[in-house]
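Sharing a structure, written as structure tokens. Questions coming.
Think of it as A, B, C and D in the order they're written, each chain with its own count starting at 1.
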Amino acid sequence: MINKVVSNADEAIKDIANGHTLMLGGFGLCGIPENCIAALVKKGVKDLTCISNNAGVDGFGIGLMLETRQVKKMISSYVGENAEFERQLLSGELEVELIPQGTLATRCLAAGYGIPAIFTPAGVGTEVADGKETRNFSGKDYLMEYAFDADFALVKAWKGDTAGNLIFRSTSRNFNPIMAMAGKVTIAEVEELVQAGELDPDHIHTPGVYVHRIFQGEAYEKRIEQRTVRKKD
Amino acid sequence: MINKVVSNADEAIKDIANGHTLMLGGFGLCGIPENCIAALVKKGVKDLTCISNNAGVDGFGIGLMLETRQVKKMISSYVGENAEFERQLLSGELEVELIPQGTLATRCLAAGYGIPAIFTPAGVGTEVADGKETRNFSGKDYLMEYAFDADFALVKAWKGDTAGNLIFRSTSRNFNPIMAMAGKVTIAEVEELVQAGELDPDHIHTPGVYVHRIFQGEAYEKRIEQRTVRKKD
Amino acid sequence: MLDKNGIAKRIAKEIKDGYYVNLGIGIPTLVANYIPNGINVELQSENGLLGMGPFPFEGEEDPDLINAGKQTITTLPGSSIFDSAMSFGMIRAQKIDLTILGAMEVSENGDIANWKIPGKMVKGMGGAMDLVASAKNIIVAMQHINKAGESKLLPACTLPLTGVKCIKKIVTELAVLDVLPEGGFKLLERAPGVSVDFIKQSTAGKLVVEGEILEMLID
Amino acid sequence: MLDKNGIAKRIAKEIKDGYYVNLGIGIPTLVANYIPNGINVELQSENGLLGMGPFPFEGEEDPDLINAGKQTITTLPGSSIFDSAMSFGMIRAQKIDLTILGAMEVSENGDIANWKIPGKMVKGMGGAMDLVASAKNIIVAMQHINKAGESKLLPACTLPLTGVKCIKKIVTELAVLDVLPEGGFKLLERAPGVSVDFIKQSTAGKLVVEGEILEMLID
């Protein structure tokens, strides 16, 4: 067994430097690497390019890194719900590349699977297609999209073991497993870190070979963006 | 919940006809759809094109369909261990297309993910590259390979539920989940069929949306191809 | 004239037994409330869930279980969880039978614009471009006319496109319409109390009216 | 001169702590028996397993748990199971640190042939083409000369290729050699009792010999 355990978020991110490209797992505020984000804010590393489906909200998630002006560019599919984000974007402090959510996901998968490019119909005939190669297969047009190239992937799992194997819980899975596969260096924070052998090999979502560092996170806030409920009859 | 249950293998394969292209899950004899193969032999449907990593052995697996001359063409990565296969191949009765195992797997994945073509380095500079488009990405050559187009996928899972969700056991997973995603019609046979709600949504390998028909198989033989053991000290 | 719930009710009648359905944000989300009894449907949420259930009871919210609108939800028996690549994989591979989403504009050749207004803060397309480019069967829930009375069913979209030649059916506060393969909006039904003439006035794109147009049945 | 176990022993010394390793069928499989103590390694089996363990005890064979050679095996703590697409995904993405496989011929520019002999029944390439095209670090375990005494380290392969310009290190019954980026086999070590002259005679491709060539240390 190859041991991937590091002591905490600070140690896990110690070689993330100014100008790096990071992938951050999560959908909205669900399944985001809270501990790694806090450590990045503390470290103060800047000029980061962040690949993440969303950009957090004011005061939470990637929103925290926006407040400290650490992000140079966001690559996302949807960036609403964040006033500071909007301010920086409109003032030209922040660069944003918007790409379709499925394209974002598939470019992660392609990186993790060693596939340099794939074809998707998303964005054909729209401004997303500008400058891209279009190709027809069986009468339908597709865009060629490239695998992402990220220095680090920061992901959050529910359980992990010392060998780096990860299991995600419910819809907090989202982009986490595919970003875990895509990072040149992948850092996983987990709610519960167990010994190798305690997880069922059949239930592992991300094999440890894709994970370079793992630690047990602390004080997960797991903020809810839209609390929707129904009343009991 | 959308119910996918059919009563048995005969009902599941009833519309498989002469000349169809079938995917069959399994690696060697591990995780093969034993009940579906038996039903195909019984039905006597012929001129089949079979996409399967291997072609079974004499008297078991796809070997049974070879004995009854039901297979026109095999698309596989490795076809050793089968004397009848060899006889039919050398006599010209059987057509064989050999493709690299990873290409086979990725062409299944591409079909299941609606990606018409992908790029892989496997086979560059070899006879596998003949007639294929070669393309350079970041200094390395890749072949363009197309998604498979199969009429039916026949897969074997350990557990399944009435909604068609599948869970595989150990290395009998192999090609089964990716072929399940790739078939126009996917038929799953399982060792144990349970009610929807009995499987943990986090542990499902193949979501029911990919499975059109499911039934509980019977009398699994699970033959071992290479029984290798060690002695207790 | 239909309100939002009326549009959702009418769309719900298009859902067939055994459908996997993706519901967009806004009016489409309301459709889930009107799926007829006896019709078995599974809802897909593109953040990675099949078999989406209703909102949780108060106090039972799970921050790890949300839909694509970031709302807390529940699962149902038979549901499954998967990553974002598989989620859009099944969308692209057309395993989802029906996609219902909103639009700002639709053109008579089936183009749709629903993600960007020049000059306004752009939030992004989310999964909309993947959905419209991939789905075999899309119903648009939208307002026929804006507050100024201007038509949103146009000869050509004026806003940046989300997808081209992909919309086949539209349900508005005024009517149900098909987009014809050769171009044009074919009027199928009118909302209660709405005249064909008013629909004609309210449709800037080519409107095709053939035979008697019946008032739609909702309840 | 080394026997098969000797070749496997010598290759085992190339394995570093923390390596993920894919072992091919034949001599490479034997390497697992000689991994030094204190070296933590995980073995990948391309049918879908990381963390492959030894053969099961008699009576404990599980037909659902086999390796790429279809042999019954076991798992170890920390192992994981995945489908064939992910298995070759991690191979293509170079997450596997070292691939060890056999060969019929290797050329002085690093081409390898190991899957097909014209005129004989062709069984297929299995995962070999994916492995050689993807791995960043490949060691070939092979016989230097065939039974007729003819070299299998050639200026150019005569058999159909498995991959081009991909082999960097070779261990044979006679020697350890690197394939130089500019072409040529660089002699690094000789097997016990084997002379440099004999290796020269046994190598049809360009052989580069610089300085003193030491006998390899195995045990």
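One rule holds in what follows: a residue touches a chain if its C-beta (ideal position, glycine included) is under 8 Å from a C-beta of that chain, and two chains touch if they have at least 3 such contacts.
In this text the structure is predicted, and so the values were computed from the model without any measurement.
Q: For the pairs B-C and B-D, output the one whose chains share more C-beta pairs in contact.
A: Most contacts of the two pairs: B-D.
Q: Give the label of the chain whose average Cα location is farthest from that of chain C.
A: D
Q: Any idea how many Å lie between the Cα centroids of chain C and chain D?
A: 56
Q: Once you find the CA centre of chain A and the CA centre of chain D, what distance in Å lies between them?
A: Roughly 36 Å separates the two chain centres.
Q: Between chain B and chain D, tell me the centre distance in angstrom, where each centre is the average of that chain's C-alpha atoms.
A: 29
Q: Two or more other chains in contact with one residue: find those residues in chain B.
A: Touching at least two other chains: 106, 109, 113-115, 120-121, 168-170, 173, 201-202.
Q: Can you tell me which residues of chain C touch two or more of the remaining chains?
A: In chain C, 49, 75, 81-82, 85, 88-89, 91-92, 134 touch at least two other chains.
Q: Hey, which chains are touching each other here?
A: Going through each pair of chains, those in contact are A-B, A-C, A-D, B-C, B-D.
Q: Which residues of chain A touch chain B once you look at their complex with the stated criterion?
A: Residues 106, 109-110, 113-121, 137-138, 140, 142, 146, 167-170, 173, 201-203 of chain A touch chain B in their complex.
Q: In their shared complex, at which residues does chain D touch chain B?
A: Going through chain D, the ones touching chain B are 45-49, 54-73, 75, 81-85, 87-89, 91-92, 111, 121-130, 133-134, 160-165.
Q: Given the complex with chain A, which residues does chain D contribute to the contact?
A: Chain D residues touching chain A: 18, 20, 40-42, 44, 49-51, 75-82, 85-86, 88-96, 134.
Q: Would you mind writing out the residues of chain B in touch with chain D in their complex?
A: Where chain B meets chain D, its residues are 27-31, 53, 76-80, 86, 89-90, 98, 100-106, 108-109, 120-128, 158, 168-178, 205, 222-232.
Q: Contact residues on chain B for chain C in the complex?
A: Within the complex, chain B contacts chain C at residues 1-3, 111-115, 161-163, 165, 181, 195-197, 201-202, 204, 207-210.
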